[in-house]
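Read from first to last, the chains carry the letters A, B, C and D; within each, the first residue is number 1.
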Amino acid sequence: MKLYFKILVLSLFVLIGFSAPGFAGDTIKLGVAGAHSGDLASYGIPSVHAAELVVKKINAQGGVLGKTVELLVEDDVCKPEVAGNTATKLVSDGVDVVMGHICSGATKSAMGIYKDAGIIAISPSATNPDLTLSGEYPNFLRTIAHDAVQAQLQVKFATNVLKVKKIAILHDKGDYGKGQAELAQKYFTTAGVDVALFEGVTPGAVDYSAIVMKVRRVKPDLVVWGGYHPEASKIVTLMRKKKMDTLFMGSDGVKDDTFIKVAGKYAEGVFATGPMDVSGNAMAIAAKKAHQEAYGSDPGAFFDAAYAATLALLNAVEKAGSTDYNAVMKALKSEYVDTPLGNISFDANGDAIGIGFSVYRVENGVFVEQK
Amino acid sequence: MTATGEIKKSVLVSLWFMFLTFPIMVIRVNTVQDVVEWRWLNMAYIGIGTFFISMLWRYMIRRKEREGKKEKTDNLSFAQKIILDKKIFIPLVALTGLFIIVFPHMFSMYQTNIMISALIYVMLGLGLNIVIGLAGLLDLGYVAFFAVGAYSYALLNLHYGLVFWLALPLGGFLALIFGVILGYPVLRLRGDYLAIVTLGFGEIIRLVLENWNEFSFGPSGIPNIPKPPLFGVDLSLSGSIIYLYYIIVGLVIFTIFVINRLENSRIGRAWIALKDDEIACQAMGIDKARTKLRAFGLGAMWAGMAGVIFAAKTTFINPASFTIWESVIILCTVVLGGMGSITGVISGALLLILLPEYLRAFSEFRMIIFGAVLVLMMVFRPGGIINNVRKTYKFQKT
Amino acid sequence: MDFDYFSYLFFGGLTRGSIYALIALGYTMVYGIIQLINFAHGEIYMIGAFTGLIIASVLTMMGLPSLAVIIIAAAAAIIYASAYGFTIEKIAYKPLRDANAPRLSALISAIGMSLFLQNYVLLAQTSDFLPFPSLIPDFEFWEPYSHIWTSAELVIFITTVIVMILLTFLIKFTKIGKAMRATSQDKTMASLLGINVNRVITFTFVVGSATAAIGGILIASHIGQINFYMGFIAGIKAFVAAVLGGIGSIPGAVIGALILGWTESFFTGYISSDYEDVFAFLFLVGILILRPSGILGKSETQKV
Amino acid sequence: MKPILEVKNMTMAFGGLKAIDSLDISIHQGEIAALIGPNGAGKTTFFNCITGIYKPTSGDIFICPHEKQERLNGLKPNIVTKKGLARTFQNIRLFSSMTVLENVMIGCHSITKAGVLGAIFKNAATKAEENFIVEKAYSILEKIGIEMYVDELATNLPYGAQRRLEIARAMATDPFLLLLDEPAAGMNPMETKSLDDLIIKLRDEENVSILLIEHDMKLVMSLSDNIHVVDYGKKIAEGTPEQIKSNPDVIKAYLGDESEDA
């Protein structure tokens, strides 16, 4: 029995090994890469849904350049080491353009491979400034504003509207959170605000009272948080329970309905930056409705941005008349396209023009955009 | 035991698991939107599944007990027979060698790429095997040395433009130094404490990399690490992947060679003796601390070299790639294949790394399967798939 | 001012320490009996919290009064956590014990179990954080100082002390407690004396898991959210605390946990929280090297 | 000439309990000495103290293999072995996953020195050393009389042969003093007789002195030049077998414990 089992396993290996990808047909291949499983799947799955909806719609209208669009969905679990394999798989399978990846680290690891293969990628969610500003990823574009834009907005709002003089910055030591916090520190300092405290907290720790007490001691006007909502709600809740009414401001990692739900009444008055409100955009409404019909639930994070990225890519291929790198890139950076995020195009760095961030404030259990 | 007795037992087990998994498997609450989802079908799956699994479980336990009794007779498994039989083994090796050489030309770039990943794990597994399989030290922070290697290359290249070929030995050497420094104070601890302390060290190194921005660029990592150069030839994407593939193949062969030599040497014998009985080992004049340190350091060195390759392959590294779970995955490859056995570790690593890549549809089950593998292997086959028959020294009278 | 700050940190550390202690108690009990680092203990704590949340949500939606919800959910969490503890022992540890496998095998099995349970909850439930209702009511007890130490924190601390006293009583004065002590010293001898060693071990797992569930509910309600990974870090910290206090000793676990809590709190307060965990791990390494038996533990000499 | 092993006023206390209480023992070159006493008298603890497994609470241990006397206190077990004190264990501690020959080869560890690089490159020196180890190990097996088991796994050996293998393994470290902890335990009378011959042969041909712990009084009496009797960690008598047989203290110590199969 043992022998048969081993032969089975061996033959399985060989079989899988030989099942190399088939040859490209007459289709436009759109790769979708990001975290589709694991603990960050909730950031990646909405982008897959968005791509599916857009491709279905476009194929129903006759496709791009007369060809149907084929989706190649690959998971990278948001890990750089996996993202490399994911990217190679997409390149091996002959993708023409890529929508992804989701996390900045994974994106950085994948972009080198796309660059060598001459493939353009648009991410709906990778906000690390280096991706566009460093110039090392010429084939990268995104439909979300990068962290520096967000940090500058925070500084502008905090100094002009809230008139703060002294702040404390906390972060979760992660790629996203610490990056945000560092940018905030830089711009706040330039704006002449006293950054009295800059510290990381350990995500998942059982208790944050020591750090909250430390914040209390420096008496800041505002706490700026770099990181996601779970830790933010813990810290805000604890601050309020400890009778501190210091203002609290997070970034798009906090602007999530779960934050309000978790922090409950303590969430009131918290500021968070997030992508500009598009709930009035007709395309966004239609896309949301389509999602509800197709998947039976409301779309999740980065859905609109992914929808926009997919539309922009396919539109550029159509306008360029081919999938040639230079032609598509030129089209992306010159043509404007209607998306759920509004009428957008891309600047020389690869950042989207026509999108931006707004500041929101929790009022009566909902995020309200601050004009 | 009668058939009805068996069925009754399995029914009880199945009922128990239906009860046990009820809240987690059947109900799903979304407290954000206040909806409850009832998934009764899961309960049926669990019931039916555990019914059969419990039968299989008891059968396996009984079989293991039977095997345990007749252990003394030389009962070699299929795989062992192949390895020991020179007539089959040598052509098999030749065939495998040929397959390895033509592999990147037969299959796509992607296949080659994941083979590189798998071979990095083979190297890591073989390195960890020195520590666990030969010297019997459970190291749960092995990934720290992997990180040391990867960061050595990334940082030295960034600051001093150090090329891959210099970084490879240097990364290994730095990891070795780290291994020795960390190992020195803790190697006299008892087995399970050692495991925890190494786990702690592994986390410390990751946390330092995460927090010490000035040194390691913190959580945002280091991008654009160059791939290995080939005499100034500018390689295309697929060319550089194939080149890297041959490098790692060469290194794996080198690793196998070295470990083979070590195993059959004075040092290797001391490791195995140490694993068998520490007290007797010392009474034979073997320096316990030094022998352990040697194993620890050598294991670290291999992780360091694998780290350099890893950095060159992904071209981007950040601390998130070096968590404790990475150590657990490496441990899993060693345990699955068979601690102490080179062939075992290689097959374990290839199985565990390649299968999830090919069965991407099931990738979300990857970690849960790793967990199950660790438990099941310990319960049913502590020796691994390829139970290690140590090549003992056969005396030839001269 | 500075004394105020000190006392804030002191009470912060006390809360943190009490939380670690609730988890460390189960760790130390299991280790005391079979010298196994039960890695899956943190996961039991997580499953306890999840079960409590699931049952509570369902009952709330059925419209039960909140007191009944709290009691039923807490009971369910304790029962289920115990049941998981029982099952884990039967699957992952007992076969190894029967086969006289080396300690390291049991440890590897425990790590596997931990990984398995984490991903089991991840797959069956969600990877997101779930809000956890505040089950401990806010009440006034030492106004105007409640911002230093809230009522919820007081409840956690008192629960820890009660659980510690009960467990000490259980081990010192009951029949099963005596059997537990006998088993921990010499399993063969204990079984010769007519003690059902397997039953004692099972009992230990069940009790240890029940305390983990109590901890799970209280802590989740204090923090206000749970996810599948919450047990791992808490578990590791609790283990550090147990080792610090002398693993195997019930009061030792609490003392170790409090010391760890205070150290972390003061370290964060006066130095930096950036290296908080690094410091905790260094602490562990230092203790194991300098005094492997911990503060209240007995040192064991190896028999030759 | 100085004694090759001289223990002066050694005490080993575990907590309040003194397992060894100010013990003095001297062993001379070429001697076969025995350490006897009832169970729990501290005999094995004595071995553990002089071989470095335990650190004695107080007292001195000196060895004098050649002219110069050295103090052994506080040295690690492996260093003690290197200095020429080899031992066997009461509860057999063979390397279970190794063959008989390999077990003895391990014994050669302290007298060889190939390192990691030598192992990897397998240069001429390493090869020569490996050959030397194998030859030496086999010749020891021949001397001890268990060469027929050379390729067997150590655990598959009959009990008596396992005890002999322990001796062979200890001999491979080139000791000047061999410490045997109950070498005849569990042996039948025939095996015990041949063990008797073996010990004498080792002393005469291999130039080692021997200190043994043994309960088999017949063996002790026929073999020993000098016997040390301990009880409750204290030495109660010392002398030739004849002197010991008639010593009232010894008789009292033994009669006090009927269960002894002396």
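By definition in this document, contacts are C-beta pairs under 8 Å (C-beta built on N, C-alpha and C of every residue); 3 or more make two chains touch, one makes a residue touch a chain.
Given the structure is predicted, the values throughout are model-derived calculations rather than measurements.
The interface with the largest number of contacting C-beta pairs joins chains B-C. The chain with its C-alpha centre at the largest distance from the centre of chain B is D.
As a whole-number value, the distance joining the C-alpha centres of chain B and chain C reads 30 Å. In this assembly, the C-alpha centroid of chain A lies 37 Å from the C-alpha centroid of chain C. Averaged C-alpha coordinates put the centre of chain C at 48 Å from the centre of chain D. Chain B and chain D have Cα centroids lying 42 Å from one another. Multi-chain contact residues, meaning those touching two or more other chains, occur in chain D at positions 53, 89. In chain A, 38, 41, 173, 200, 258, 261 are the positions where the chain touches two or more neighbouring chains simultaneously. Annotation for chain C: residues 122, 128, 131, 274, 277, 304 touch two or more other chains.
Those residues of chain B whose C-beta lies close enough to touch chain A in the complex are 31-32, 77-79, 107-111, 113-114, 117, 210-211, 213, 218-221, 223-224, 236-237, 240-241, 310, 313-318, 320-321, 350-351, 354, 357-358, 360, 363-364, 367. Contact residues on chain D toward chain B in their complex (touch as defined above): 51-53, 76-78, 81-82, 86-87, 89, 93-99, 101-102, 105-107, 109-112, 114-116, 118-120, 122, 126, 129-130, 133-135, 138, 150-151, 153, 156, 169-170, 172-173. Against chain A, the residues of chain C that register as touching in their complex are 5, 8-9, 11-13, 15-16, 19-20, 122, 127-129, 131, 146-148, 150, 219, 222-225, 227-230, 232-234, 237, 264-266, 268-269, 272-274, 276-277. Note for the complex: chain A touches chain C at residues 38-42, 173, 199-202, 204-207, 209-211, 213-214, 216-217, 229-230, 233-234, 237, 241-244, 258, 261-264.
The touching residues of chain B, when paired with chain D in their complex, are 72, 258, 261-262, 265-270, 272-273, 275-277, 279-288, 294, 298, 390, 392-395, 397-398.
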